[in-house]
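One structure is given here, and the rest of the page talks about it.
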Amino acid sequence: MLLQLKNIKKSFGKVEVLKGITFSLDEGMILGLIGENGAGKSTMMNLLGGIFPPTAGEMFLNGETYLPNSPIAAQSKGVAFIHQELNLFPNLSIAENLFINQFPKKRFFGVSRIDKKTINVKAKELLGQVGLTMDPNKKVEELSPAPRQLVEIAKALGANPKIIIFDEPTTSLSHHEAKKLFELIKKLKAQGIAMIYISHNLDDVLKLVDSVAILRDGELVRMDEKKSFDIQTMVKEMVGREMLEFFPGRMKKIGKKVLEVENLTAKGFIKDVTFHIKKQEVVGFYGLVGAGRSEMVRVLYGLDRFDSGSIVWKGELIDKTNPVLSIQRGIAFLTEDRIEEGLLTRMNIQKNAQLAALGHFTKGLLHRINRFEAKEKVKEKVYATKTKYENLTEQLVSTLSGGNQQKIVLAKWLLTDPELLILDEPTKGIDIGAKREIYGLINNLVENGSSVLMISSELEELMGLCDRIIVMSKGKITASFDKSQFERNTILEVALHKQTAIL
Amino acid sequence: MTRFQKAIQLLLNYSTVVLFLVVLVTFGLLSPKFLTLGNITNILIQSSSLTILAIGMTFVLLTAGIDLSVGSIMFVVGVISGKLVVIGLPIWWAIPLVLVIGLLFGLVNAFFIFKLKIVPFIVTLATFYVGRGLGLYISETRAINLPESFLQIGSSKLLGLPMPIVILLLVLIIGHFVLSSTQFGRQVYAVGNDMAKARKAGVPVKKILLTVYLICGLCAAISSLVALAQLGAVSPTFGYQNEFMAIAAAVLGGTSLFGGKGNILPGTLIGALLIQSIQNGLVIINVNPYIYPVITGTVIFLIVMIDSLRHKSVQKALRTKTTI
Amino acid sequence: MKMKKIFLMVLSFICLLSANTGCRPKKKGVTIGISFETLQTEYWVASMAAIKSECERNGINYIVAVSNGDANRQFEQVNNFISQGVDGIVITPKDAHTIVPIIKAANRASIPIGIYNRLPADHAGEHVAVVADNYEITKSTVRYMGELARASGRKHKAMILIGDLGDINAIYRRDGFNDGIKEFEDVVEVVSRIPTEWNQEKALAGVTNALQANPDISFIFTSSDFLFPSIISALKNADKYHPIGHENHVIFGGFDGDPMAYSLLKEQYLDADGVQDVFYECNSLVQAILSLIEGGKVGRKIVDPGFVIHQKNLNEKATDMWGANLQTP
Amino acid sequence: MIESTANKLLGKSENTTVYVCVLYYFIMAIFVPGFFTIHNSWNLLFNLLPLLIVAIGQTYVMLGAGIDLSVTSIVAMTSIIGGYCLSDITAFIEPVWLRIVFSLGAMLLTGALIGLINGVSVAKLGMPAFMVTLTTMMLFSGTAIWLTRSQNSYMLPESFVNMPYTSLWFIPLPLLIGLVVVGIAYFLLNNTLYGEWLPSVGMNSKTAAISGVKVQSTTIWSYIICGCCAAVASILYTARLETGSPVMGQHILLDVIGSVVIGGTSLFGGVGKIQWTVIGAVFIIMLDNSLNLMGMSYFLIMIIKGLVILLAAMMNLLKEGKY
């Protein structure tokens, strides 16, 4: 037994992310780790990789207690972690990236200098192991994503690891490149290296691994050999719970088209996207991370420019979009990254909630603010969102929990009276109770005449809320399902198998 | 990328070299005396102090930091070495002593920056004033005239090369060696690119920050001595605004203020030579001297603008690459 | 964490402590405030010393402030003098105009004010000023140098280092130079005028580049002696620094009469130097202020005629030259 | 023990600076002769006003997460423009008050223009604020000296140079100007849309942009306001010294940044108040004046001010919980 985890727990503040995980890993074994977003996969791998320590429980490596206090400590013990976001320095060469911390040196009149010859030889050797034949003196910024991924692996191999953790290694790779990566993984397995492979792409997981472990809500719900799984069972175990009355019903009275998008293209991000949204309709967008969903709504809202195509808003062709215009038109956009793009963390609740709708509370040439009115309106909306807080004008939003923070962002947008609300992963990292309240708010909004465009990686959520679900892959729309056609496995398969359109 | 875009990109990348050539040719055409061997040696000697200062600054800028205190370090070092030599301490004793003072300043800067986490700008702005105040206090704002022996070092020659150029070459070679051929040097680039990533990769970030500010302080001290050996006196304005010139030289040489990009050879050297050539050329063609700062300021402004545009376009290119 | 807070405390303590050391009890008797714009050159240092010693001789207390070239700060410093209730003020202003409001402030507070070495603008209020006759002294110095040039029997190219043009003295010296050199147009041609803004680095670069552009310069006049080191450094690099009598000797003159000028004269590198009589100026200024404090009347302007010291009168005039009476640092 | 004392002294209360200020005032009033006099109180006030006005402009820029090092050159440029207009070219304009109004307008315009250049370079061209304002500082102080050839303008109209000693409704004119600037700055920041937008841009420009804040124009306006403030301060300086000088204000940068930092405005943007800056400027001026009265040299004061600013920066970080 190479690696053993016993009853590992991890909490952030009051939130328990891992609720006692126990499993083990043998030499030369590949373990597929799957689960929904927020199930605790990354947290568990970060524990192994030495990013932070567990709150409780024990880890053993080769029978010895394993408690790394930094990524470097983990690496020196033989655990390498290949993050989804690569840890490379694009301004340095491949070889320098490989040896950033342990350059081979030679003494030169008592001065220790980098031994460029040895580096070249060693770097070529390492690159050879991952099947790269390029010049190690090339700068990393000149490489495309696939070779970068391989360089990162080569870097990990340089430390002679016993275990390698892969976090979504194929998201930025083409089919051909991914295939090459799999060959490499198999080669490494033959050398006796154990691997943990995290991916949303269940096809890949089934092709590659020996065993599958499924995480759900911080618990290991099932771990078994590969042969006892197929995609359907995996999905079922991942989603697990029955969502009884989780999604409140809604009066159906879908109206005219509000937004029509045709052949929208932004080079490098999205291509020929065509869809529409009707009044009082909720349209969901599903797909893998990097499928272009977020990019598409950013273009729609006016944060990024598009190259061709047309957007028609309430029958009028729009040639210019930017956030200011969008808000005037009645479009609101709740972004995925709450901290970086949704909140002013060092400001109070009032200032955060009123920001987008400030125009409503001002008058006169100098745009004087009617503080009283602003406060009353904010209070009203914050009350409607059932946010738990102590003081509107003195409490900083950073002191609120994730769910309550999200409700404040939502309140901010509701204050602008939006006709179309764009939601990008609105329930990411939020507890169940808050999720349900947010669903309720969305339904309310729609019943009062607005439309919603919602991006989510949780299929259950989309199926429960939406009137239509559109699937995107590689910047294109690949499928569209009406409510009557909703079937979990079909949609998942379309998204995960990267199948072509069933439109 | 179209051919036109490529050409623009190329021009952006080599803007300083292009500008340098333009400056040389322009002055060469305006005055036959500009491109003579004598004048070129002159430019080299005059630029030696600034270049050394800018080399130290390059290290700091590479880590995305800044050091505004170098001009004041120069001044304090000048005053103290002047005082020491005047009261009769042999020069060979005074020199190592003042180099240590340069290092001490670097240490103080580094301490406040990485231990107490105050932004480099405020820390070095404070030490800028503390240093200048200290220097003025010690010198009682008097100009200190140095003995002959100091000037002799300045005008002496080694292997047929004037001393300032010898020292310049030495610092240049060592600086270039450290940055390009040692583990420390490469890690400086890593820290400048992304401090969090560097920490994750196990690069000793604190040690590197400390070292770059030490190097910067040391270079300021050396630069001060080189300037003194040419001037023969320390006036209260000695080193004033040199920090800006050093930053400008490094940035002109392609060192990015955002860290992680740039080099000493040829970058910073060309940047410093460019500034010095402009100043020298303006004197040679006998332009109204009041216009010097205006012209120098305009050139620096343009280059900073180009740097930002370059940075913007690189960011855009990177984004496209990583998403799909 | 703990370390940092303790460090903070210690640092603040040091700040407070150092703040207390400057405290000085007020003495009885007459007190005057002395404000200098700068102490940059030997000349100002010697002047300050002379004023202080004259005060001490007369039993006057004094407070000193230096503003390092900042007119605004000097204004604030004089206001502080007035707050402290000084009986008189002696001041070296930055220039002729920024002194005007300072004089007005002193007038409003009815405190006599004496201006040292730089003449205020005409419309300034009640004051007494002592100045050297910059124009005449420079003119005489340049005339002496011109005679030397004529005597050498060949033509000369000349360079002048000009001071800060915001300084009225620098302008008088420049004008004195221009008018003095006019008489020698046949033998001396001015090819280079270097603005130094009273800055040694600028002077060094300027002289070096000028020598590059005109290698045959053989006549140099500097508007102040404190620029000597820069000039000598540049001359040495161009291999043009030789004593009098050497065939490549550069006719060399300056203004102020500082210790370096004296030693250069003795070593026979310097031909002539215009001397301001520091002792005369300082003593008469302090006396004037004293009599004003006691209610007497003095003229608005005291002129120091100064003199030219050169190789021929070196021995007889050296005793009057302030630079000769100070030790060379 | 020591730690808890330190906590109490440097604690999280934003009023710390006020307490320190008041305490310092009383200590100085007791121990420093000449400090607690009417004449000196006026001194304090008149030294405070121009600095405070520049610092208020700087507060605006820092609230937007920028920095303006060029304020010194703006003071210089506007001073010579003002001096030039007042003394020469507008001599034909009668009566004198019209001439003065015209000249002051020209000064404000110059300040706003330099601010505009800074703002556009930062907001539109994406240049780092530090580098932009550093170069504009060099450029414009060079230009000021070039335009005037280091000569001051003088012989300004009597009514202009007497301005510092004139009163309106029993309030000295400079004080009135100061009060008006503080009042406007306070009103703008606390009661208008712009006052809400600026800190949000400084704290998180992404969030602000998505929430419909006009980020670029907000930033540009902060620099314009800063330029105008520097111009107003320049009016006071010019009137006080009765000269339009190209080196006016060359030495005030430390005091300006010091006032803002000591007040507690964050260097990272988004957090700051006009009243904090007032306190900071009062403290700097008091420090300066008292040390001066103690007979300390200009240079020692410089050193102490540098140390005090470091201390203040550390206190701010402590307050923001960065330790």
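Each chain gets a letter, A, B, C and D, in the order it is written, and its residues are counted from 1.
Following the convention adopted for this analysis, a residue touches a chain if its C-beta (ideal position, glycine included) is under 8 Å from a C-beta of that chain, and two chains touch if they have at least 3 such contacts.
No experiment lies behind these values; they were computed from the predicted model shown.
Can you list every chain that touches chain A and also touches chain B?
Common neighbours, chain A/chain B: D.
Compared with chain A, which chain's mean CA position is the farthest off?
Here the answer is chain C, farthest from chain A.
Weigh B-C against C-D on C-beta contact pairs and write down the one with more.
Answer to which pair has more contacts is C-D.
Distance from the CA centroid of chain B to that of chain D, rounded to the nearest Å?
30
If you average the Cα atoms of chain A and of chain C to get two centres, how far apart are those centres in Å?
Using C-alpha averages as centres, the distance is 72 Å.
At least two other chains touched by the same residue of chain B: list those residues.
116, 136, 141, 290
Any chance you could list the residues of chain C touching two or more other chains?
Residue numbers touching two or more other chains: 4, 66, 68.
Of all residues in chain D, which are in touch with two or more distinct other chains?
Expected reply: 149-150, 297-300, 307, 310, 314, 323.
Which of the chains touch, listed as pairs?
A-B, A-D, B-C, B-D, C-D
If you look only at chain D, which of its residues touch chain B in the complex?
67, 121, 125-128, 130-132, 134-136, 138-143, 145-146, 149-150, 254, 257, 261, 267, 297-303, 305-307, 309-310, 313-314, 317, 322-323
Show me the residue ranges of chain A that touch chain D in the complex, using the header's touch definition.
Touching chain D from chain A are residues 301, 303, 323-324, 326-327, 333, 335, 340-347, 351, 354-356, 358-359, 362, 366-369, 371, 412, 416.
Please name which positions on chain B make contact with chain A in the complex.
Interface residues on the chain B side: 177, 181-183, 186-187, 189-190, 192-194, 197-198, 200-203, 260-261, 318, 320-324.
Could you list, by residue number, the parts of chain C that touch chain D in their complex?
Within the complex, chain C contacts chain D at residues 1-2, 4-6, 8-9, 11-12, 14-15, 18-19, 22-24, 26, 63-73, 75-77, 79-80, 82-85, 95, 97-98, 100-101, 109, 121, 123, 164-166, 197.
Under the touch definition given earlier, write down the residues of chain B that touch chain D in their complex.
66, 112, 116-119, 121-123, 125-130, 132-134, 136-137, 141, 241, 244, 247-248, 251, 257-258, 288, 290-294, 296-298, 300-301, 304-305, 307-309, 311-312
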